[in-house]
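The structures come next, written out as C-alpha cells.
In what follows, chain A forms one complex with chain B and a second complex with chain C.
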Partner chain A sequence: MEDDLPTEYDVVVVGTGMTESIVAAAASRIGKKVLHLDSNEYYGGLWATFNFDGLQKWIEDLKAAKSDGKKDTIIKVEAGENFLNASNQYSAVENIEETWFISNDADLPVLTSKDTQTDGSGDGASAEGSEKSDEDKVEKKEPVKQWSIDRIKKEYRRFNIDLAPKLLFARGELVELLISSNIARYAEFRAVSRVATFMDGKLTQVPCSRADVFANKTVSVIEKRMLMQLLTSCMEQGADSPEFDGFRDKTFLEYLNTKNLTPIVKHYVMQAIAMATDKTSCRDGVNRTKHFLNSLGRYGNTPFLWPMYGSGELPQCFCRLCAVFGGVYCLKRQLDGVIVCEDKCRAIITGKQRLALEHLVVGQGHVPPEIVASVGEQQISRGIFITDRSIMQGEKENLTLLYYPPEKNGQEPVTVIELGPSTNACPQGLFMVHMTCKRINTAKDDLEYVVKKFLRAEVLEPKGPRDSTDSHTQTVSPDKRHIQEGDAETRDLIKNPKPQVLWSLYLNLPASDIKLSNSAPSNIHLCSGPDLDLDFDFAVNQAKEVFAAMYPDEDFLPRAPDPEEIVLEGEEAPGPKFEGDKPGEGEDKQEGEEKQDSEKAEKEE
Partner chain B sequence: MRNIRRPIRFRTKDNMANRGTAQRPNGQTQGKICQFKLVLLGESAVGKSSLVLRFVKGQFHEYQESTIGAAFLTQTVCLDDTTVKFEIWDTAGQERYHSLAPMYYRGAQAAIVVYDITNQDTFVRATTWVKELQRQASPNIVIALAGNKADLANKRVVECDEAQAYADENGLLFMETSAKTAMNVNDIFLAIAKKLPKNEQAGNGGSSGQGRRLAEAEGQKATAGNCCK
Partner chain C sequence: MGKIVVHGRVKVRTTAEQEEIKKVERAKKVAEYKAGMNLVFQKRRDKIYDDELLLVTERIVVKNPDIYTLWNIRREAFNANDWSNEEREIRMKKDLSLTECCLRENPKSYYVWHHRCWVIERLSEPDWETELALCAKCLNYDERNFHCWEYRLFVVQKAGISDEEEFNFSTTKILNNFSNYSSWHYRSKVLSKMFPDNTGALPIRSDKHKEELDLVMNATFTDPNDSSAWFYQRWLLDSHKSINNPIWRAQLTSTAATVVFHKDVAINSLNLNILVDGTNIPLNWESHDNAKFAKVWSTPPNEIFINLNDDMDGETFTCKINIESQEKHNLNQLQEQLESYQQLIQMEPHNKWALLTGIFLMRNINDSKYHKNILENFTALKTIDKLRSNYYEDLRSKYLIDYVLHNTWLQEDKTNEVTSLDMSNYNLTLLCNEHYLSFYSEVNLCGNNLGNSLHRLHSLQRCKKLSLSCNGIKSLEQFPTLFSLKVLLLRYNELSSVDEILELVKRHRLITLDIRENLVCMVNGIVQAISEVSPDTTVLTD
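What follows is the complex of A and B.
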C-alpha cells in the first residue's frame, strides 16, 4: 500500500499544522524541493477542522491509539550515524468528554448519553440517567423540526468543527501575509460582526468603530469623548509614549484607574478591547488596545475575521501553495525516526524508505524525545457546543466574539467564539460555540463557570433523572425560580432564554512551549502546535523564524503570480482567448491548432 | 508515466489594469458575467493539466510539467447573453499520494473528472472521485466525466458506451476528449457552462462560498458577504 516517494529533498516537513504549512509553502516558493508528510489522513494536526463524522472518527482513533503502544522501529544505520525514534508524546489530547443533550428520535423523551473517555471527571451521576422530554420546549419551538442525534449525524457534512478556533486581526500578521503572498485567493472569510461583553448582568455589544461609539445609547456623550480620547492616545502613541512612563511596572487597570473613567468606559476598554485581566501589565494592555484599534475599519464592523469552513482551512491554503510550486504531499505517512550524524540530521525514515534532506521541519507531535530540553507546562482547555440559538439574539445572524474574565481566583479568562450557519460551521437553525482558556484542571471544570453563565446544558442541572409529571415545571424552573429576585440577569433570561446545548465536547490540548536541547541537530526546526492566543501571529512569526534560520538570504513568501500573469515557456503573449462563440462553428479549435503549430516552429528554431 | 517535464515559467505582465474583468476583444460589453470555480480530478498522468492548457492557452506539450506556479487559470466562455468566467483549479499533484486537501473542493460549482481511455484503472479511479465529490463537494456541483487521450483510439481499453452508461446513471456530462488534438476540449467546458445555473446568486464575483476574499486594494469598510477581489 505504501507508495514510494522520491528520496532526496531540500526540506522535509513533518506535520501539516499551521506553522509547518507556512514553512513548507515558503521553502517551495523559493524553489526548494519540499516533501510534506502527515501521519494523519487529514490536514492540520491539532489545528484541524472536522465535519461531524470526521470528528467522531478522530475521537475513536484517539481511543484506539491510547490502547496500542507505539513500537519503536529498529533501523540499520551507517557508521557514525544515530537513529532516533520519533515520538507522539507531545501531542497528547486528554480528558475528552462528549455529551449528547438530545435523543435519537425527536419524539422520544430526551436522553442524555455520555461518552466519557480517558481520565474523565467521573461525575457520572448527574448525567447517566435518562431524562424526560422537555415538552415545554417542543411547544416553544413552533413548526421547526426538532434536532435529534440522528439528524445531526445525518447532516454531518454541514458541520465544520474546529479543534483550535482562531480569529485573524484585520491588520494582523496572517492577513498581511495572506495578501502579500497572494495565498488569500484560496480562502474566504467572514468578518466577526460583533464583539460582546458581559456587563450589568447581561451581554451587550461593544461599540467598536467611531460610528458605533456615537450610535451607542448606553454611553453618555461625556463617556464617548472619554473613550475616544483614551483610544486615540493608545493608538497614536503606543506603549512607549511618555503617557505611560509612570506605569512601566504597573497594570493596565492601574493606569485606567488614574484616568477618571466611568465604569462603563473602563469595562469596554478592559474587557472588550484590551481583553485584559486585572493582572495584565500596562504595556500589554496598551499594545493590545493598539492592535485592536489598528485592525478596525478594514473589513466589517470589528477588527476580526473568521475563515469560512473553519481555521483548519488555512494550513491547507499554504499547503496548496507549496504543492503549486512543486512540493510533494503525502498524508497517512508517518515519521518513524531521524538519522543523525554528528550535529546534523541527514535523513528521515518513513515507511521503510530513507529520505535524505538538508533541513527537517517537524511539528511538536513528532519530535524524538532525545532532542527535547523542556516541555512547557501550559495546556489548553476547550469546550465545543452545538446550540439552538445565539447567546445574544439579534436581528440578523451574527458572528460573535466574547471575552469573559474570571469571576474569582482559580479561574482563567475564557474566549468565546459563536459561529452561525453562514460560516459553514453548522446547518441553519443551529449555532456553534467555541470556548477556550488556559488549562488549570480539566477542560470541563475550567469552563464550567462560563457554560453555566451563558448556556443551558442539562448536565449542569442539580437533579438527576426526572419523571414526566414534573418535567414541565423543572424545565422552566431555572428561569422562573429567580423571578422574585428581579435582577437584570434573570429578567433578561425570560426574554431571551439561554441557548440549549444539543451536544458538547470537552478536551484538553497541549499548548506550544516545547524547547529543543542545545545538542539537537542544527538543521532540525521545531514547529509548535496551537497556542492560547486569539490569533495566528505566534505561528506566523515562528514560521518566519524557522525560514530565516534555513534560508537567511531569501525572501519569505514573495507574491505568487495571478493566473493572468502566467505565461508559458515559448509563449510570447497569452494564448488566444477562447471566446466560446457558438458551438459547432469550430473556429476556435482550428485557431488552437494553428497556435500549436506556430509554437512548434518557434521551438525548432 | 511522464518522465521528461517541461517547466512552466511565469512572468508578471506589466499592465495589470484588466485583472478580474471579462473582456471581449471587440470591446463589446456583455449582459451578465458569472464566475465559477471548476476543479479537475483524476489519477496522475490522465491529462488534467493538458486539458486545461489546451482550453486556456490553446497549447499542448507531450511532456508537460504539471502546473508549477499556477494556482489556477482562468478562461471565459460566452453564451448567448452571459459571459461565464471559469476559475480552473488543478490538483497541483496533491492527488498523487491521495493527499488532496478538502479546501480544493470548497465552493466548487463544477468539476471535470478525467480518465485515460487507454487505462482501465484510471476509469475505476474516476468513479471513486465522482463518489468523493458527491460526498464532499457542494450538493449542486455540475460534474463532467472526460475520457481523455481519445487520439490514442488504437490503444483504447475503456469503451465509450461503458463510460456513457456510467455517466447517465450518475447524472454526469460525458465526452471523450483529446488535449492533443483539441477534440471536444472547448465543447466540454461549454457544456458545463450551459448547465451551470446563471442566476444572480451563482457565480457572483467568484466568491463561491459567499464569504469575503482579502485583497491588497481593499482598505475601507465593505459590506459583509461581498467579494472584494
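What follows is the complex of A and C.
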C-alpha cells in the first residue's frame, strides 16, 4: 500500500471532505500539481455517504480507534525545521447510539398475504420505476416478508446513508459552481418534491411555487395575494430596501407582524420559507426568503435539489475533475505530520515519505493541535432513522423537507429531510429520515422532542400479521397508547399512523467553526467539516477563500472543457468521453430530468 | 522523478483552434447546402421526383425545417410517384419520423407541423395515441407552444378523445402553469362544447360558470400581473345577451319605413315584410352604405305611401319590442367576487386588471346601482394606465351610452314618449350603438368629444334638431347627410373651414345653423356665402 509517491507538489490536500475536494479540483484545473490524500478507504470524511454495511464498519472503526493509543511519530528534521504531529482530535464523533426496533428473522412469524406491503426485496426493483413496481408486487402472491434485522443487513447495498445530508438551493453557490465549472455532468439530482410544515396539529405541504399557491385550497384568495405580495417584495427589494428601514435592529417576526398577515400566511413565511425562529433578525429573514424564492422555478416544484446516492457523491465529483486534470489520488494514506520552517510549511510526512509542497490544504480532522486557536462551538446533533412509511402520506413518493422550530426554550430548531427509495437512500417500502440540529446535549436528547412528534421509536413486537389497509405503504397497527388524547390529531393518527422506526442512529459531529492561530504557517489552509446550514454554501465559499489565498490572480474553476474540446497529450483525436456524459436522446424524462434541466440551464447562461 | 498519470493528462484546445475548426465546418455546410438546393430545384424543373431528391431534401430540412418550398417539393414527390400502397405507407411513416426530428430542432415551425398533418391524414391506420404522446412531450417542454396545441386539437378530433379527458388535460396544464393563453383558450372551447348554457345568458352552464369564475379568481390573486387569466375571466364575464327577437323597433311614416335590429343582419324583401291591415306592402330595403349586414334598414325616402289610419296618431307609428329583463345568474358569487376584488384594489391600487374586472362585475350585477363606482374605476384606470387612457375613455363612453339609453327606455316605457334623447355633457369620446338613436327627432350631444365619431351619426335620419356644441370638432368632412335635419348646433367647436360648412349646408335643408365661437366665424363674408347656398338658413355667428 505504501507506494512511493512523487515527492514534490504545488498543493497537497489532506482529507476528501467537500471543501478540500473543491480546492483540489480548482488547483488542478489551473495546472497545479496536486496530491490528494485521505487516511480512509472511502471519500468524503465526515461528508461521506455509506451503504448499510459501510456504515456499520465506520461505527466499528470509530469504536476501535478510541481504544487505540495515540502513537506520535518521531521524524528526523533538518536544522530550523519543526515537526508537528497531525491529530484527529477535531474530527471526533461522539455519542454514537445505534438501536434496532425490529427483530431477527428467526423471531418473526411466517405470514402470507395477498395485498399487503409494498415489497422491494432483492431483485432489482429499480428506483425509477417505483410506482410501477409497487403495483407489480401487489399482484404477486408471495409470502410477505417483514423487515428484519437480517433482511436490512442483507440488502445493505440498497442503502445510502449520509453522515451530513445537505440540500442544494437551485440557485445556490454549489449549483452555480457545478454548472459554471462543467462538473454538473458528473452528478445527478432529484428535486425535493415538497416543503412541509407543522401547523394546527398536523403536517401540511407549504405552497411555495406560484403553481402551488394557485392550486392551494387551504388559504383564501386574499391570503394568496398577501403571501405572493410579501414574497415578491422580499424577492425584488432585498434586505436593503427602504421597505425594511424601520426594522434594521428588529426581528423578522416583528416585521411580519406589521403586515396584517393572517396566521396561516405568517406561519408559511416564517417556518417554511424563511425557516426562521422568533429571534431571526429581519435582515436574515428577508435574505433567507429571497434565497428560497430565487431558487424556485428552476428545476422542480421546490427550490431544492438532493444529490442522488447521497451528499457524499458531491466531493467525489470534484475529485474526479481534479484527477482528470492530473491530480494524484491516494486513499488509505495518512498524514503523519507537517514540517514547518519559519512561518512556512515545507513538507508533509506520510508513510515514511517526505513530500515537499507549496501549499498544504488540510481538513480539520488532520490539523496539528499546535496551530489551532479555537475549537469552535457549532457542534452538530444528528439522527438517522429507517422507517416504514412517510411522515406525510402522499399519492406518490415524495422527497420532503421539514423545518421544525423549537417547542420551548432550550431546544434547537431541527431540520428534517425524508428520502424515499427513488433517491437510492433505501430499498422500496422504506424511508430514510435525517434530522439535524445544533448540539446542546447529546444527539438523542436534542432530537427527542421531534422524534416523538413524528416517529414511533419503540420496539416493534414480533407478533402476528400487521394491519395493512394502505396499499401504498407498509402499515403498522396504530398503537393505542399513542393516541389517547382524543382530538383531531388522534383521528388523524388512526388514519395515518406515525412511521415505525426500524433502526436509528444518533451521533454528534464535531464543530465546523474551528480556527487556526495567527502564528500558523501562512501556507497551511484549513478546511472545515460539515456545518449546520441546510446547503453547501459555507463549504463552497470557504473553498473560494482558500483558493484566493493560494492563487489570488487565477480563475476559480473555470469551465472544464467538453470532451470534444479535449485532446490527450500526444493525441490529435478528441479525448474519451467524460463519465456521466449527456444521457441518450431517447432516455426517459423522469430519469435524466434534473440533469437535462441543468444542462439546459447551462446553455441558457 | 517518475510521473504518476492517473487519467490521460488533458490539453484544452485553444479558442483560436476551435474557431478554425468551426470555420472549416461552416464552409463545408454552406457548400453542401448550396449544392443540395441547386440539385433539388433542377430536379423539380425536370420533374424528376426520385429517391435522390427525397434524400437531399430530407438532409436539408433536418437542418433548416423552415424552408417550406422543400416540404412542398416532398409532397409533390409523394403525389407524383406511383408507389405501391405498402411502399407509400412506409415512406409516409418515414416522413413522420422526419418531422419529429425537425420538431426537435424547431418545435415552433409552421411548415413542419403542417407537413405532419398532411402525412398523418394520408396514412391508412394513423396511430393517434402516438401523436397524442408526442404532443404531451412537446407541451411538457413548452406548454405555451400554440403550434402544438393546434396540432393536438386536430389529433384529439381524429382520435375521438372525450371532452372530459380534454377538460382534465387543460386543468392539469393550468395547474402546472396558469400563465398560458393556449390552455385557457382551449378550456373555454371544451367547456362551451360540454356545458352549453341553454338560457344563452352565460357562456357556459351556470354551475360550471361558477366553478370557472372561482378558479380564475384564484389565478388572478396568485399573480395579478399575468394577463392570460384575466383574459379568460373576461370571456366568462362578458355579457352574452340572448336576444330571441332581433328586432328592436320599427317606425312607419306615410312615406318611409325603418327597422332597427339589435345586431347586424342581412335583409331582403323576403324575410322582412310590413303588413298594414293584413296587406303586405312591397318594400325595397336599403342599408347605410349598402352594407350587406346592418342594424338599420330603411326604405328609400318618398318611395312608399302608406295610408296610416287616423287612430295611429297621424304622423308616425312606432312599434316597440320590449327587451325582457334577463335573469341574473350567480349573483351571490359575483357579489362576493366583487368584494374580494375591491380588497385587491385596496392592496394593490395600481393593478389595472383588478379595476377593470371590478367594472365588469359591477355591470354584471347591477349597472345602475354601481353607475358611480364604475365611473370612479374608469377615472382610476386612466391615471394608473396612461398608455391605454384612450381605450378606457372609449370603453367608458360605450358603457355610458348603454346606461343612458337604458334609462331613457325605462322612461319611454312609462310615458310612451319617443322624441328626444339627451346625452349631453358626458365627455363621450366615442359614439357607439348609434342605431338605437335612429328614431329620435331631437338629439342633444353637446359637451362631449365626438369629433372622431361624426360618421356614426348617419343613423339619425329622423333627427330634426341636433346639438353638437362643445365637442372639439375640427372638421365636418365625416358629417353624414341627415334627411330630416333642420336645426344644427355647432357652437364652441374648432371649425375653421368655410368650404366644409358650405358643403354641409348644401346637403341639408337647414333652418338654423349655429356656428358661434368657432374660428371660421372670423372669416369675412361667411354669412353671405352660406345664404348664397341656402337662402332659407338662419346662420348664427359671432
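We adopt the following convention: the second predicted complex is superposed on the first by the 499 of 605 C-alpha atoms of A that agree within 3 Å, B and C clash if a C-alpha of one lies under 4 Å from a C-alpha of the other, contacts with A are read in each partner's own complex, and residues count from 1 in each chain.
To be clear about the criterion, a contact is a pair of C-beta atoms (placed from the backbone, for glycine too) under 8 Å apart; a residue touches a chain by one contact, two chains touch by 3 or more.
These numbers were taken from a predicted model, which means no experiment stands behind them.
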Ask   = Which of the two partners, first being chain B and second being chain C, lies in contact with A:Gly326: first, second, both, or neither?
value = both
Query = First (chain B), second (chain C), both or neither: which does A:Glu545 touch?
reply = neither
Query = Of the two partner chains, chain B (first) and chain C (second), which one does A:Leu5 touch, if any: first, second, both, or neither?
reply = both
Query = A:Gly300 contacts which: chain B (first), chain C (second), both, neither?
reply = first
Request  = Would you sort A:Glu236 into first (chain B), second (chain C), both or neither based on which partner it touches?
outcome  = neither
Inquiry  = Looking at A:Ser193, would you say it contacts chain B, chain C, both, or neither? Reply first, second, both or neither.
reply    = first
Query = Is A:Pro561 in contact with chain B, with chain C, with both, or with neither (first, second, both, neither)?
reply = both
Ask   = Residues of chain A touched: more by chain B or chain C?
value = B
Query = Does chain B (first) or chain C (second) touch A:Ile222, or do both, or does neither?
reply = second
Task = Scan A:Val175 for contacts with chain B and chain C and give back first, second, both or neither.
result = first
Chain B and chain C contact sites that coincide on chain A, given as residue numbers = 5, 323-326, 328-329, 561, 565-569, 571, 575-576, 589
Query = Touching chain A in the complex: which residues of chain B?
reply = 6-13, 16, 18-19, 24-25, 53-60, 67-79, 84, 87, 92-94, 96-99, 101-104, 106-107, 135-136, 181-182, 186-187, 190, 193, 207-216, 218-222, 224-225, 229
Remark   = Touching chain B in the complex, chain A uses residues 3, 5, 43, 157, 175, 178-179, 182, 184-191, 193, 297-300, 305, 308-309, 313, 316-317, 319-321, 323-326, 328-333, 422-424, 560-569, 571, 574-581, 583, 588-589, 591-593, 595-596, 599
Remark   = Seen from chain C, its contact residues with chain A in the complex are 1-13, 18, 137, 140, 175-178, 217-219, 221-224, 340, 343-344, 347-348
Query = Within the complex, which stretch of chain A touches chain C?
reply = 4-8, 210-211, 213-215, 221-222, 224-226, 228-229, 323-329, 561, 565-569, 571, 575-576, 589
